[in-house]
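Read the structure below first, then the notes.
We just call them A, B, C, D, E, F, G and H in the order they show up, numbering each chain from 1.
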Amino acid sequence: MSKAFELDEDRENRLGFEEVIYGAAKDISALSDLLVELQEAKKNALVTKVQREKGEVLLSLFPSAFFHPPSGIFMLQAKTAASTDQPKIAVITAGTSDMGVAYEAFYTLQYMDVPVDIIQDIGVAGIHRLLNKLEQLQTYKILIVIAGFEGALPTVVGGLLPQPIIAVPTSTGYGTAKAGETALHAMLTSCANGITVVNIDNGYGAAMSALRILKII
Amino acid sequence: MSKAFELDEDRENRLGFEEVIYGAAKDISALSDLLVELQEAKKNALVTKVQREKGEVLLSLFPSAFFHPPSGIFMLQAKTAASTDQPKIAVITAGTSDMGVAYEAFYTLQYMDVPVDIIQDIGVAGIHRLLNKLEQLQTYKILIVIAGFEGALPTVVGGLLPQPIIAVPTSTGYGTAKAGETALHAMLTSCANGITVVNIDNGYGAAMSALRILKII
Amino acid sequence: MSKAFELDEDRENRLGFEEVIYGAAKDISALSDLLVELQEAKKNALVTKVQREKGEVLLSLFPSAFFHPPSGIFMLQAKTAASTDQPKIAVITAGTSDMGVAYEAFYTLQYMDVPVDIIQDIGVAGIHRLLNKLEQLQTYKILIVIAGFEGALPTVVGGLLPQPIIAVPTSTGYGTAKAGETALHAMLTSCANGITVVNIDNGYGAAMSALRILKII
Amino acid sequence: MSKAFELDEDRENRLGFEEVIYGAAKDISALSDLLVELQEAKKNALVTKVQREKGEVLLSLFPSAFFHPPSGIFMLQAKTAASTDQPKIAVITAGTSDMGVAYEAFYTLQYMDVPVDIIQDIGVAGIHRLLNKLEQLQTYKILIVIAGFEGALPTVVGGLLPQPIIAVPTSTGYGTAKAGETALHAMLTSCANGITVVNIDNGYGAAMSALRILKII
Amino acid sequence: MSKAFELDEDRENRLGFEEVIYGAAKDISALSDLLVELQEAKKNALVTKVQREKGEVLLSLFPSAFFHPPSGIFMLQAKTAASTDQPKIAVITAGTSDMGVAYEAFYTLQYMDVPVDIIQDIGVAGIHRLLNKLEQLQTYKILIVIAGFEGALPTVVGGLLPQPIIAVPTSTGYGTAKAGETALHAMLTSCANGITVVNIDNGYGAAMSALRILKII
Amino acid sequence: MSKAFELDEDRENRLGFEEVIYGAAKDISALSDLLVELQEAKKNALVTKVQREKGEVLLSLFPSAFFHPPSGIFMLQAKTAASTDQPKIAVITAGTSDMGVAYEAFYTLQYMDVPVDIIQDIGVAGIHRLLNKLEQLQTYKILIVIAGFEGALPTVVGGLLPQPIIAVPTSTGYGTAKAGETALHAMLTSCANGITVVNIDNGYGAAMSALRILKII
Amino acid sequence: MSKAFELDEDRENRLGFEEVIYGAAKDISALSDLLVELQEAKKNALVTKVQREKGEVLLSLFPSAFFHPPSGIFMLQAKTAASTDQPKIAVITAGTSDMGVAYEAFYTLQYMDVPVDIIQDIGVAGIHRLLNKLEQLQTYKILIVIAGFEGALPTVVGGLLPQPIIAVPTSTGYGTAKAGETALHAMLTSCANGITVVNIDNGYGAAMSALRILKII
Amino acid sequence: MSKAFELDEDRENRLGFEEVIYGAAKDISALSDLLVELQEAKKNALVTKVQREKGEVLLSLFPSAFFHPPSGIFMLQAKTAASTDQPKIAVITAGTSDMGVAYEAFYTLQYMDVPVDIIQDIGVAGIHRLLNKLEQLQTYKILIVIAGFEGALPTVVGGLLPQPIIAVPTSTGYGTAKAGETALHAMLTSCANGITVVNIDNGYGAAMSALRILKII
């Protein structure tokens, strides 16, 4: 138990990306110890799901770090733009309430050096907003589609567009939204073909699965 | 316990329609006793959710009756067309698998003397099929919208059309469809405004709530 | 991403009512940006499910606004009475604990210029209170019936009265009330005919579905 | 393992009634072995939840036995009337579909030598049927109230009558009835006071708890 | 809407006890208005499930009132002993963590003028503690048995003692205790005979059902 | 309602593949009507989730068709090998019980003209079997990983290999396997990065999402 | 895909026991192919969860095999007694309905050459039956405790006896028994200390975990 | 009710260990009363699941006590090392977020005088970390394996190592992790043999079941 954490250092060789830190269940001192280790090793770090209060304390400890409260994304050194500039991935949201999850995907991709666009507020209750964007959407390689409530957006997008679609249910909504479970199950039972799904609010996971696809192109 | 059943005979005065019989949990002899009583009283009867085997036995006992196995609808005397002919209600389905429930609504309305059209197979995975029917759909007073799987159809319809929308989830699908629960919850959490919902597979209930609305027009 | 939100501006043409803002999952700065935009466009706005703390901050930013904490209703400009005065809609509650949801329906209807009465505390554990109000209840076009706990009120009302009934389950209760799920399921499985249901605590949705019905009368 | 079963023979001394046999999960040979043992010991036996096919085979093996398929009640020797004749217990059902469970309670009480009346089809969707029976219902010591679907009957009865009320949810219904779970939860969250509840379809348990109460009168 | 609440004033005539107020979902001003009305009418009042903060504010407003934070019981005038002194009811708890619910039953019975004893900490993990109390337990008319975690206590008590048993599951425990749902379901599926159950943490309901039984003795 | 079904004929233009027929909820006559239509239009057809009895009847009606009972795959004309021969996709199973779902993916891909290999029985309870296949697995573009029970296989594969991973939970198992729900939730909460998931037993959906990825390579 | 199955042949070296075959989800031809392979390799085989119809066909194909329908245990060559005779393990059941699961544990242990006793029908509703067996139970090294319904037996045993206790919930019961989920959750939340639990109806798993313990003695 | 608690003082004789106090649902004054009693009786005490705020107050009242906030362990007198020094038990964790539960097991074992090692951060997403530790892991008698998220670690360990394995699911994760339910169900349905499971986050229970095993060696 000499070191605070045993990072999976070989991960980059095997998988092509470094280990990312899940921040939600670690307390400030655990996160801080780990970040110091990485800082001393001259590495950057991506921490996800950092709650606002914890992130603000960490920011005071690591003043050059980057923290975006709505998405819970924390980076030791800000890396919020990719080094290439031709976005291949679109992050699409049904409504404003889904923007925190959208930014989790957005910053994760930027951190991984993948340019990405966010296209927001095209939920299916006003379907012309989506239809107006069809031509633009056809230009992306991969579509990450984020929705809460009834989670219908990936189904409609999946019926209109041929690209890989990674659907992300969000916990937006109340009552029968069941903290995202309804959107999750709706996306998994979509009558559109070939949609895949990640965990509720898992913008990070959607970004990583997009990255896996980009690596084989 | 002298009579087999105590029908709610005053119901028509209070509510404007007679009691309808729920057939699923009654055995053949219970249903048969009840139908004999009604036949002797020179009444028609509507029985819902009659399983195929039971319906076929009943049909052999009451040869002039009507039985439609996919919807489980049984009538002592067939009444499958309304006496007026201007349909005010559209029953819309996402897919062929939802037709049993659609016919439950259809025959219930006909029994209640309300003309109705079925418009089928306009699920959101091929949204142009729905958009092509928009003009026709605008001509109805009330829309009964039926869908299984992820249950997205009422949301899209509700964003496009202003009429009262009664959404009916069906138990079509498998796995995360959860025997209709996912479609139910998706319809209840719809981001479209003012959609109301009835129980899973409850085409009968949708018809009766449409009838309540028609009575106040 | 130049504008804070992309409102569905065509909604009024299509559906006959403007977009309403879901306030629960937006933070104060997001709501404030949006309200400024609408204020500058000389529009009113209805925001639902605004938590007390957020509503009070918004009220300090928009001093001429209206905020009703128990219902979470926020309006840029108060519109709490309709311009016509013959109520066509009754909002009925089982108990005092359901009044927040009742007022969500009430203010939404007033905002939409529909007069409405609230009739409270006529839950079925003291059924004479409901029976005493039957004559009054017969005078309304539409009944919005709100109940928590076991959610029995819409069933009893539906057996006594012929109008359209929109049932709203509330999250009132504990243990097996399951935050409104039991009332929801009880209303959906009601043995009364033709009752429709909206999401738990969704007074807003009940009002909007009443509005859809009123538009076809 | 010499004997087929180790009956709790002291139970009558401790509790005032003999052990009753749960039939659903025992196969025919297990039940038959046990009944032979009891027959040889000159005892009667009550077996509950016996499926129709199993009961019919057992009846052929024990021709003097009694079997009532809708309730699943099997007795070695029929005991279907009490030796005293003043019923103190009423078994009340919401609808015909609940009669199997009602008879399970009825025959259990008769077996235990307690006279009992069944009062059927007074569900709350036609509440005058219940109100018409109020005077009769006041004459019983204990009310066993049985309902499926939304399970509202015990709540209304509990608001009108002061006796002990044992509520029995049934698995009647479909979709959100959830095989009786909704009625169960509705009864447990009843806004009426002092209602107690037994397991879904547990007419037997309701009878036994009534018996416990009768013993202290 | 002139009066704050419409109490069910006829309840005592019908049922033999006055309406009791559910405090959990009413805010301080609603409760205070109601208590003032009752105080002016020279009545006492029992309020249940009052959260600690609300109860303390109410106590400062009604200094002669009684408030017991662990049980959430609030009375306008303390009535914590019955006018007769021969306890007929035992409230039995499995562990110390269940004492809040035990006191809810205890104070409700005292308020209703029924003397009652609490017998605590006789959970089944140390069964001799229960066996040592058997003789004492036989002296009560009715047993209210309260347990959280796996909820086994009513089953063991029910196998040893013949009186009416009202089982109360509590939300004590974590993980698979599921906030009392496991204890609830365990009590409902008890292999002991004739146990009845009330809602999770519903000490009040257990007391009221005991009262219904006492009235017929 | 003149035609039996309204196929989404434009789908191939939009998405690059034709509509596929969901067979589970359609009866034989509905499926037969549809297949006749397609046969007359000189088209092939892929039907999924066809139950054994239905498939065998269809096979007798369409003798040149192909039916594979374990996977429920039915094709009007057998197309069980791709026209190119370099497999780019591996379908990996944890155990023999998952082979039905594996073949649903396999035949769907062959029908879509994509060669594919099945690699079976490399579940994590004997992890050397997986480690022995690592070199082979590195040669595929996309991995479809199928597992029931605890569903751990995609997590281990995802930690070892960098390709896109489409995880398919199966309904294999009993008790807490919950008909595939546990494997589904385990895959969605995988601590491995960038795994995406489809519905329980949805080998077809996994194949279609692989097809979407292949189209952008 | 040359061989029907890839058995984990190294398992005995690693873990000390051979692979056992899960029979429930394999069809007869799959099982038969596998058994032929093992027979040709002069090996015995243990297959679990074999349904009665499948087991009987297999028995006709392998006439020297052993099949016990209530437990679903199938062995290529009967091995139903251990070669040593001092039982160290007791399999304890609450009721007769749990005997199938008890025999699954019993035969698995015998197959693994571990002698074992079954002690049946000592459920907690008649606790003296358990107390009478305490002295006998103290003589075993490990207790496998099997119960359905409310699953209270392991808790009581765990409070009385110090040995390792492996609790097995069974799917016996109805309604709130939830096919064993209630017993499972009750055992996991037991207020007794140090009880461990296996899957519902998993007599096999309980036997294997007992075997792991015996190996370290 | 003279004493604050009735401890099960005979427990050590029966089971070989003293009663341990569950701290989560007792308030500070209840815990403090109990600790004073034990202190006066010259006893040590172990309290589990003590929340941070409560533990800090108790520490100020009992300055010589020991409190470890991440695990919630409180001891009257610190006993954090065993009197023998050859660890027989390994506590293995998948990730840093599981360390609180690991320390609950660790300190419980130390309190019971059992030496123990913690081996952390060997989750299956980087399986070489586990494989590198195999030789070390073979030296322990019993393995307590702790994991959240998808809970795959015990399955992989169980396929590699022959010792008794006590699996502990943790509530680490979000969305479909369902507060530990997914890890729990995954462990219970593990395709590895002979794994037993305790409640979510129940490090204490795992330690106690290890203790039961050690007592029979």
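In the analysis below, contacts are C-beta pairs under 8 Å (C-beta built on N, C-alpha and C of every residue); 3 or more make two chains touch, one makes a residue touch a chain.
Nothing here was measured: the structure is a model prediction, and the numbers come from that model.
**Q** Chains in contact with chain D and with chain G: which ones?
**A** E
**Q** Any chains in contact with both chain B and chain H?
**A** Chains touching both chain B and chain H: A, F.
**Q** Could you find the chain whose CA centre sits the greatest distance from that of chain F?
**A** The most remote chain is E.
**Q** Looking at chain C with chain D, do both copies bring the same residues to the contact (over half shared) or different ones?
**A** Mostly same residues: over half of the interface numbers shared.
**Q** From the C-alpha centre of chain A to that of chain C, how far is it in Å?
**A** Inter-chain centre distance comes to 34 Å.
**Q** Between chain D and chain F, tell me the centre distance in angstrom, where each centre is the average of that chain's C-alpha atoms.
**A** 48
**Q** Which residues belonging to chain H are in contact with no fewer than two other chains?
**A** 95, 125-126, 159-160, 173, 175-177, 184, 188-189, 193, 199, 202, in rising order.
**Q** Of all possible chain pairs, which ones touch?
**A** A-B, A-C, A-F, A-H, B-C, B-D, B-F, C-D, C-E, D-E, D-G, E-G, E-H, F-G, F-H, G-H
**Q** Please name which positions on chain H make contact with chain F in the complex.
**A** 94-95, 123-127, 149-152, 155-156, 158-160, 173, 175-178, 181-193
**Q** Using the touch rule from the top, collect the residues of chain D that touch chain G in their complex.
**A** Chain D residues touching chain G: 1, 4-6, 8, 10-11, 19, 22, 24-27, 30, 49, 171, 179-180, 184, 199-202.
**Q** In the complex of these two chains, what residues of chain A are touching chain F?
**A** Residues in contact with chain F: 14-17, 20, 141-142, 159-166, 184, 188-189, 193-199, 202, 205, 207-213, 215-217.
**Q** Taking the touch rule as given, give the residues of chain G at its contact with chain D in the complex, in rising order.
**A** Contacts found on chain G: 70, 95-97, 118, 120-122, 125-126, 128-129, 148, 172-177.
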